[in-house]
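A, B, C and D label the chains in the order they appear, each numbered from 1.
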């Protein structure tokens, strides 16, 4: 059976609030790209970050193991440089093997949580 | 008219918080795969759960009756083993007949509810 | 230019909480199917509601005017019968012309709002 | 490599609450169309707003620079006229180049935030 997924994904929404009502890592405001590689070989993924008024940054490189999921927090990306807080961004994922990408934000600027999620836009 | 739906679905995001501000089952933090079988025969669905750092678990097997919907809570899956709490996971659904899958999380770690939902990724 | 949209849509998630912290109609817990008809003729839409353990109900019939949007609240459906509260359901939309359907829930069981939304599953 | 995206997008859900618990612009209730242009030329986008019971308004014209993202707030649209508050609307985006569109609402009618988001419906 062919591996499920696509090779190119895009997430137009991106925004990491600098503010959080909590210090627990799980409850800090953050954005996640949940990546599933259901195939039998490791996938190499190159991520480019786009901004409103400056040149794109990247590629950020991550590897998602065969038959593994990686819930990648954008605030964990550091190379080539951290993703700025309180700044509009967008992202494109290019993988050498089929993957599936879902976008999630946990927003804890206030004392209660807010969540959003969507399967990203796919091609290829 | 052909039955609406696809045979393969994927949900990269998965996370069941162990914490809840409530004990009422409806308000306990949970994740749901809402499955619709609009066809005229029962659908047999095999679910595989993927993790960040261990082998996948499954198949979990569920049957969705003809012209019925099943709102499957991941915390109700027990065979072959329960889905661990506070752990990143992802899931793939393979059905012998066309179905539609939508993913929802109700998060009640705090005293107010947070919700997310998205139609899952489809193929086949 | 061809009219944007599809003729068949499905929303597997459906659940109208009977409980609300508010009495204002806009803040009552509710589910909405936002329908856009960007075409030049009125669209006739037949909706079928599916349940976990009983026969489907429908069709509910709505008309969406040419170049109009209808944000249809499921708690406003009464003919052939109201959609039960606190009950899992799913829905299928069949239109004679291309439309686009987006699903939204506003949940006010607690004193703060929770929201979910997703573009529905499309075919045809 | 071909540019990622599509030329026509639709968002059936639209509603800007006039009420907000905050005066900070970032926390005011608002709806956003996050647009990504990952291509090498500027994209010209024409937006039409649809209503329940009056004629559509538009086009609103925005330009999204090459390799840039624009997180467009609907409450910033003024020409040909502002988008009314507390009113159901829907929107269609037509671009001369491939783009990706994601819809987000931040709702702060109550003292805590609620969020929704979905990748919009695409064609072309």
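As a working rule, a contact is a pair of C-beta atoms (placed from the backbone, for glycine too) under 8 Å apart; a residue touches a chain by one contact, two chains touch by 3 or more.
Source: prediction; values computed, not measured.
Student: On C-alpha atoms alone, could you tell me the rotation angle mapping chain C onto chain D? Nearest 5 degrees is fine.
Tutor: 90
Student: When chain B touches chain C, do the two copies use mostly the same residue numbers, with over half shared, or different ones?
Tutor: different
Student: Could you state the distance in Å from the CA-based centre of chain A to that of chain B?
Tutor: 21
Student: Quick check: how many Å separate the C-alpha centres of chain B and chain D?
Tutor: Chain centroid spacing, chain B to chain D, equals 30 Å.
Student: Two or more other chains in contact with one residue: find those residues in chain C.
Tutor: Within chain C, residues 111-112, 114-119 contact more than one other chain.
Student: Which residues of chain D touch chain A in their complex?
Tutor: Answer in residue numbers: 4-5, 26-27, 32, 34-36, 38, 67-71, 100-102, 104, 106, 111-119, 122.
Student: For the complex, give me every residue of chain A touching chain D.
Tutor: 8, 10-15, 48, 50-53, 55-56, 86, 88-90, 92, 103, 105, 107, 109-112, 114-121, 123
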